[in-house]
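Once you scroll down, you'll see the structures, which are given as structure tokens.
You will see chain A twice below: alongside chain B first, and alongside chain C after that.
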Partner chain A sequence: MFDWKWDFTWEILPRLISATGNTLIAAGAGYVIAVVLGLMLALAQRTPSRAVTFTVREFVEFIRSTPLILQIFFVFYVGPQFGIRLSPWMSGMIAIGLHYACYLSEVYRGGIESVPKGQWEAAIALNMTTVQKYRRVIIPQAIPPALAGMGNYLVGIFKDTPMLSVIGVAELIHTANAIGSENYRFLEPYTMVGIIFLAISLPAAGLIRLFEGYVRRKLGL
Partner chain B sequence: MLDKTGFPLEITGEDTPMVSFRKVNKSYGALTVLDDLDLDVAAGEMVSIIGPSGSGKTTVLRMLMTLERINGGVIYVDGKPLTHMPRGGQLVSANERHLRSRRADIGMCFQHFNLFPHMTALENCMEGPVQVLGLPKAEARDRSEELLELVGMIAKKDQHPSRLSGGQQQRVAIARALAMRPKVMLFDEVTSALDPEVIGEVTNVIRQLVSEHNLTMLMVTHQMGFARDISDRVCFFYGGRIEEQGPPTQLFGNPQRERTQQFLSAVREAV
Partner chain C sequence: MGFYDFLIQYWPRLLTGTGVTLAQFLLAAVIGIAISLCMGLMKLSQNALMRGAAVTYIEIFRGTSLVVQLYWIFFVLPLFGLTIEKFTAGYLAVGMNIGAYGAELVRGGILSVPKGQWEAALAINMSPAQRMRRIILPQALVSMLPPWGNLMIELLKGTALVSLISVADLMFEARQINASTFLSAQVFGAALVIYYVLARFLVTPFMRWLERHMARKLGRA
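After this line comes the complex of A and B, so read on.
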């Protein structure tokens, strides 16, 4: 039935593992961008300036309503027309980071809105500045309820890295394609890619849950 | 000197009230919550505010803490305008910076305590002094421990609020507010969310503050006995105005207005 070749599997494994490293770097760097930028987007939507709030909200809606792959193409192929020349790696991480920042900003927003009104009032009663209020009172309480959503998007960003193959980032799918075309065999490389994704995603989800519990205990919540 | 609408830019003189509401109005849409409120509280005075729900009593405290904006009139704290600031001989609505500079005189305790759940009792008390007043940590710690001692919570200083009972949380909240060294303390129904058996531990702390400290205090409460015991003056609010006010013996013992009499007899029946 299946014509599975073990010797071929072992032969291509080192290349796939090295590509796994690239995938993890792309996902990790993209996620760092998304976590930081997402928080800034969420906070920008709470400024008193209606112009800022409106612009940011529309931007987030725009990014969330268009495909990631289009955004990747835009950064990589259209960017140079505006004088922004980036390597495939840079383009990919920026596009994916930006895309997920918009999703994460909604997760943060939910977290921030879940902080009870009394906490905001207590911060005012202590005469805190806006920055102190967010940094010391609101964000520490907004993060724990956001952690589950943040974890989902960590796994999501990891699973979306194959899209970077379209602009030539040597992540897993790109490497599996290359191996397949060189050897006219696709069964082993694609199967292995699936197994690698599964082997990383599943434990990651579990670790995120453990981390969530740890943070809640640490904050005394 | 008066502003063109007739409000003084500053209240001066020996008997300057610590808190002064002048013709203060507050409404939510068509609903008038406070109607031309005039109320002066002298330095060191303890004023209790009682009245039926919806009479605007909590709003008085919330406006003074700048949690709510007012729609008309001016509030002064220690003679200087709180809700407004002087600009070219006129009073204009206060900006955030002015509010921050004036708000430092006021501290507040809430019905639901509102302690920061991610900080221990001690950290809750140190937060304001360290972050807002810029005190060195060691000094803030000493001050906070002293206050936790005062409210009888020093043994639990390293506990998070989730591990404390309501009465204990409220006592920490009082210490937290005091740590900012306010001139005026506001107590907004601080015993309403407590189980009956722990109300005493909170009222005893407030009693102690009244007898040993020269703080100006405004308290909204449903506990008539407590208000009667410790207040210098009691204000009965009805429909957004002060229906009747006076020393507790007079207001509770010999109320003049019919609405006050009705309210007090209704409260007595409920007990």
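After this line comes the complex of A and C, so read on.
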């Protein structure tokens, strides 16, 4: 019944560790896209044009309420239908980056809305342009309260990378599937993947909590 | 093939898939709510063993990815002599995953009930079970319903992953149709719209209604 094989575990460990690298790269690259694009989506909802705000808002809602795995398929398969061929990595990064950009835009929005009214008025009183106002007054104050939410989504994106396996990105689950079907053994690869996920996400969540506390103290909150 | 012709031809399969998705959603919600309550209460228990068990459960399910949990339950548990049929494994995995997130909401909700309410229940000689059931939980429920709305959307999106173990849900039907017709934009577009409609016009309004209904029941509307 219970036949865990240690020699097999050691044998597959190097492959799993190199796949962990791919998982981390995917999570990191996806997160960078999400952080930049998310800020753009948040700012786009603050233009004077009601039509733009409404469109961006609905787009964010749409992406947030549909499954990421479906969006990954959509990006990967719809491109070629119109003559655009994207590699699995490319489409994966676009899909996961866009998905989390929508989540992060909500986090930024909360941060921006938490900047006191006096700061906005002061920026106007100093005759700052809109770009100056956001770059030098609003965003520096909007990011610190948003950091906790941003950190949570970093762990979230890491945990969602296994979905990239469906279009053939060689991350952890994809590698575990391959090992499993080559050797007809699923116990060790899947269990090891679970342990690797825990070993990364638990300390990461702890570090984010520490960092959040540090930032709050720094700001005197 | 145009979108309209596509729908005429394939709507029955998309509809049966949607039915399976909804069934998975409802069953996973029942499991998720039961586990949330159980683990949330256990985490507040005086007994260190109960607390430890709840913390372990929550950290394991929140620290690993739903895909990993799903594969583990479906492919690894049979090796321990516990074979679960794929449909059951699907909603079980999704429900257990959501339960870990819900447990934190339950815990937060219970802690948010003012101390006076606990003391009042004690003063009128209620047993701990009566106090929890009649005084604390109803008030905790009202304060935690808004985040539960978000969690239910996450749950609906999570059910799309059961397609990975070949449960014939909407995601699975979409993939099958895509594989045989290559009408990717049509089929994945249609699936995205269906998920969006379910989330936006079924789950969200129901949760809003529930929030209002519960608030009214407690005389807070």
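Here is the rule we use: the second predicted complex is superposed on the first by the 211 of 221 C-alpha atoms of A that agree within 3 Å, B and C clash if a C-alpha of one lies under 4 Å from a C-alpha of the other, contacts with A are read in each partner's own complex, and residues count from 1 in each chain.
Going forward, a residue touches a chain if its C-beta (ideal position, glycine included) is under 8 Å from a C-beta of that chain, and two chains touch if they have at least 3 such contacts.
It should be emphasised that the depicted structure is a prediction, and the values quoted were computed from it without experimental measurement.
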Quiz item: If chain A is used to align the two complexes, do chain B and chain C fit next to each other or clash?
Solution: fit
Exercise. Would you sort A:191 into first (chain B), second (chain C), both or neither based on which partner it touches?
Key: second
Exercise. Look at A:162 in the shared chain and tell me whether it touches chain B only, chain C only, both, or neither; answer first, second, both or neither.
Key: second
Quiz item: In the superposed arrangement, does chain B or chain C reach more residues of chain A?
Solution: C
Practice problem: Go through the superposed model and pick first if A:83 touches only chain B, second if only chain C, both, or neither. | Solution: neither
Practice problem: For A:124, decide between first (touching chain B), second (touching chain C), both and neither. | Solution: first
Practice problem: With the two complexes superposed on chain A, say which partner A:180 touches: chain B (first), chain C (second), both, or neither. | Solution: second
Quiz item: Of the two partner chains, chain B (first) and chain C (second), which one does A:73 touch, if any: first, second, both, or neither?
Solution: second
Exercise. Considering only touches as defined above, state whether A:14 meets chain B (first), chain C (second), both or neither.
Key: neither
Self-check item: Smallest separation of CA atoms, chain C relative to chain B, angstrom
Solution: 28
Practice problem: Across the two complexes, find the residues of chain A that touch chain B and also touch chain C. | Solution: none
Quiz item: How about chain A: which of its residues touch chain C in the complex?
Solution: 1-3, 61-62, 64-71, 73-74, 77-78, 80-82, 159-163, 165-166, 173, 176, 180, 186-187, 190-191, 193-194, 197-198, 201-202, 205
Quiz item: Any idea which chain A residues touch chain B in the complex?
Solution: 116, 118-119, 121-122, 124-130, 132, 136-137, 140-141, 219-221
Quiz item: In the complex formed with chain A, which residues of chain B make contact?
Solution: 65-67, 96, 100, 103-104, 106-108, 110, 112-120, 127-128, 131-132, 160-163, 176-177, 180
Practice problem: Mind listing the chain C positions that touch chain A in their complex? | Solution: 59-60, 62-69, 71-72, 75-76, 79-81, 153, 156-158, 160-161, 163-164, 171, 174-175, 178, 182-185, 188-189, 191-192, 195-196, 199-200, 204
